[in-house]
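Order as written gives the chain letters A, B, C and D; numbering starts at 1 within each chain.
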Amino acid sequence: MGRRKDKLTSNIAWSNADTITVRGLDLPSEILGHMNLGDLAFLQLTGRKATAEESKVFNAIVITLVEHGITPSAIAARMTYMGAPESLQAAVAAGLCGLGTVFVGSMEGASKMLYEALPADKVGTGVDLDALAVETVDAFRARRAIVPGLGHPVHKPIDPRTPRLFEIAAENGKSGEYIALMQKIHAVAEEKSGKMLPINATGAVGAICCEFGFPWKIVRGFGVMARAIGLVGHILEESENPISYDIWQRLEEEILETSGPQK
Amino acid sequence: MGRRKDKLTSNIAWSNADTITVRGLDLPSEILGHMNLGDLAFLQLTGRKATAEESKVFNAIVITLVEHGITPSAIAARMTYMGAPESLQAAVAAGLCGLGTVFVGSMEGASKMLYEALPADKVGTGVDLDALAVETVDAFRARRAIVPGLGHPVHKPIDPRTPRLFEIAAENGKSGEYIALMQKIHAVAEEKSGKMLPINATGAVGAICCEFGFPWKIVRGFGVMARAIGLVGHILEESENPISYDIWQRLEEEILETSGPQK
Amino acid sequence: MGRRKDKLTSNIAWSNADTITVRGLDLPSEILGHMNLGDLAFLQLTGRKATAEESKVFNAIVITLVEHGITPSAIAARMTYMGAPESLQAAVAAGLCGLGTVFVGSMEGASKMLYEALPADKVGTGVDLDALAVETVDAFRARRAIVPGLGHPVHKPIDPRTPRLFEIAAENGKSGEYIALMQKIHAVAEEKSGKMLPINATGAVGAICCEFGFPWKIVRGFGVMARAIGLVGHILEESENPISYDIWQRLEEEILETSGPQK
Amino acid sequence: MGRRKDKLTSNIAWSNADTITVRGLDLPSEILGHMNLGDLAFLQLTGRKATAEESKVFNAIVITLVEHGITPSAIAARMTYMGAPESLQAAVAAGLCGLGTVFVGSMEGASKMLYEALPADKVGTGVDLDALAVETVDAFRARRAIVPGLGHPVHKPIDPRTPRLFEIAAENGKSGEYIALMQKIHAVAEEKSGKMLPINATGAVGAICCEFGFPWKIVRGFGVMARAIGLVGHILEESENPISYDIWQRLEEEILETSGPQK
């Protein structure tokens, strides 16, 4: 903030009477019918077309983030829809607002941790990943912080999404030192803590994002776009099989009982 | 609202220690690596897998809605990001909040108009589409309302997305009486008004949604999920090439000049 | 939309190096210490200072809307805060998104109904309010619509806020034909339906807003500003005595049981 | 997160058929007509009634935060309203989403800084405030961070709100060691940097919040509730004197020119 520009620019899209161009491609003739939604997301964010291999891996990581059942974010969206059914978009927005440090942050945190341990320009230079893994885990343990991307309350001893994502990455040339480092960090963390700490889906996605070279700041954005799709599904179900009203009524009764008159 | 249920249900997804199921499919083995993001959106919303043809058409209509340049929604998202760069999700949410009756409503409106003119159970029964088109346009004209899905401030005499979307629909067995009716409505509206009223992209998408049989209430949701992707792209660009600060400063100066002291 | 202006204007506030002016008043010397928050809201919205009487009534109607216990809006805000505790503002925003036609709409609806029955320029001209009330109720009954501002699931036979709000209005010269008409509509509706249909708080507020002459479109805004205050309180409590996690866990367990594997 | 409770509680409000209680007070008879909106906000957040002096000071600090002209937050709200005029609440929500670390964070930051320098249990124990001020400024300077609550792009050499807020605090027994420390920090920071660094409004509010003993985490909430009021005012003006459409059109034209075809 602070310096003024003469002219403002934006290089995503432009259109005139007979042309619509997105990231330099003609939308009707070069995009529609030639790409799937994940590919367009890749184009929108990177400014270039995904290769067939990148398309496979990128679609898989975004898909992983779409649907997680009845999450706090889905509950918020459904509650909002009950009050404002005419504003489906506001219900999705409400659901997205909670995708912060607690639920999506671990993905971003995993990417950041990996980049900090192994900056992009050190990849392929023969860095000792075993040593890096020990260093990284020790640093988190020293400040009593949770290693991002590890551990899951339900999916133990392994999160079933992780081996599959790493398999897809490997089959498509996207399995390199970041995934290797994540796996070593996982092994060290389990050994040092004596606990089951599987690489969870956000850890797997975070590591794969590093293989792509995506800036860690945008990794959260993949979760946000994916959950927007998931939330539209929840709102559609809520419109057909509402559960919000009952959640609300049960809670109101419980609070009245525990916290109401003369309790 | 009003009746209470004994047990709440949700049929989108569930998971236990070693399984994650979305719409009845095992996420790791049956979805990841086998579907693209558009296909998963289709699964999430309809509860069934898209056929290869449906995948083509559905991906195309959602892609059409992702990116429209510097829209009010993109400006709102960028302004929000300037104030809260730590909350990318809230910036996307802010951008989505404005996808209401003015900008995405026409898509929903087009679907609703077509379903009201031609209920699903009348398709294939030999209804006179020409007569329906005249009736429909007359009804809108009588109450001085705009026919949804027609007209565009820039893309005249045709919106280049529309013929391409209809072509993709036709190539994949999704071009039926709803698209035909939309085209007839367009022709009648141009003739009666004497104005250029191209079928715009939201009109084309609305008609194709009817071919799929999607409830008109959820059509807005396709725009919302698509724009979430677009907005993440705008926020990424804003983080690298910010324009919000200048938009704000220019406006503040203009308002101070026109509406400040002693004017 | 559509016509372009040469110069943009805004007449709410401006500032330069040593002055900050809100609605024509010097913020430090003429507002701070001289007004309460409700008075400033009145100034912000109407552009003029409230009289002592208006201040009493306006503060009362906005206060009425601040807090309603564990509402869907409070649940959405708390769920959002659980995921993004670093973004208190986004949790409030999520809670506000649901203040739509179902929960706050009745207030707006009551004002609109009253203005349509009795346009501002007919007040004081001796209109027959009894006839108007019958006409109004009949019109709603004919289209099987609920009369806005009447009825409450819990507060029966009277909503205790309503007589108090009308009392405050009367004590301060704000009880006129709109409140009288609302009361007559209530009486007619109860008689014709044979049900208890108390004037609820939103009906009382809607009627008083008409006494002020506020445009019905902004009436919802009073609810929105009031609930923002209420939601900050809920988030503060959630930070000290969290309930979202348990709501979520209970629900996830119930859904897993009813809708999980092999049910 | 993590531990489950048997029973959920909430001590803000409850109601039954003939009673509505907020923070232990009967809403109709003990609140309506007896409090202004700022007092109710105080009650909602602290659980107790403000004294007459506290009411004066608290109303003043929240009022200070209501209106700042055409801010990024107001622009986001107006843009959102253009697209979804039927969802006033979503436009306010969009405007609130940007009240994060950049614009409202300095208030929270000022409170946090003051509490860290002078924990509540040290107040009145004769701590050397001059030494504390030097230590505090040095610590920020050492890590090249901006001292929160100091400096303003326009209001120099003083922010006119600050002396007035401190005056109101002093007149009402709320001027103690936190305000004194803030002033000393300001003096030290100006001397060490050689720049004009007035205590800005958020710094003044942050210091006064410490005098009240409010937890620093909730300080942002005062800004959020205040801006909700301000934003309703902006949306009302936008509905009568729209500027969003022109902002959008100008920007689209500029971007087309700088970043469109063959540039």
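Annotations
As a working rule, a contact is a pair of C-beta atoms (placed from the backbone, for glycine too) under 8 Å apart; a residue touches a chain by one contact, two chains touch by 3 or more.
These numbers come from a predicted model, not from an experiment.
The greatest centre-to-centre distance from chain D, using averaged C-alpha positions, is reached by B.
Pairs C-D and A-D differ in how many C-beta pairs touch across them, and the larger number is found at C-D.
Between chain B and chain D, the centres computed from C-alpha atoms are 37 Å apart. Taking the mean of the C-alpha atoms as each chain's centre, chain A and chain D sit 31 Å apart. Chain C and chain D have Cα centroids lying 23 Å from one another. Touching of two or more other chains is recorded for residues 1, 8-11, 14, 16, 19, 69-70, 82, 84, 86-87, 89-90, 93-94, 97-100, 102, 104, 243, 247, 251, 255 of chain C. Taken as a contact graph, with one node per protein chain and an edge wherever two chains touch, the assembly is complete, since every chain touches every other chain.
Residue ranges on chain B touching chain A, taken from their complex, read 1-2, 4-5, 8-20, 22, 27-29, 31-33, 35-41, 44-45, 55-56, 59-60, 62-64, 66-70, 82, 87-90, 92-94, 96-100, 104, 154-156, 158, 160-161, 163-165, 167-168, 171, 215, 217-218, 220-222, 224-226, 228-230, 232-237, 239, 241-243, 245-247, 249. Within the complex, the chain A residues that touch chain D are 1, 7-11, 14, 16, 19, 21, 84, 86-87, 89-90, 93-94, 97, 102, 251, 254-261. Residues 69-73, 75-77, 79-87, 90-91, 93-95, 97-104, 243-244, 247-248, 251-252, 255 of chain A are the ones that touch chain C when the two sit in their complex.
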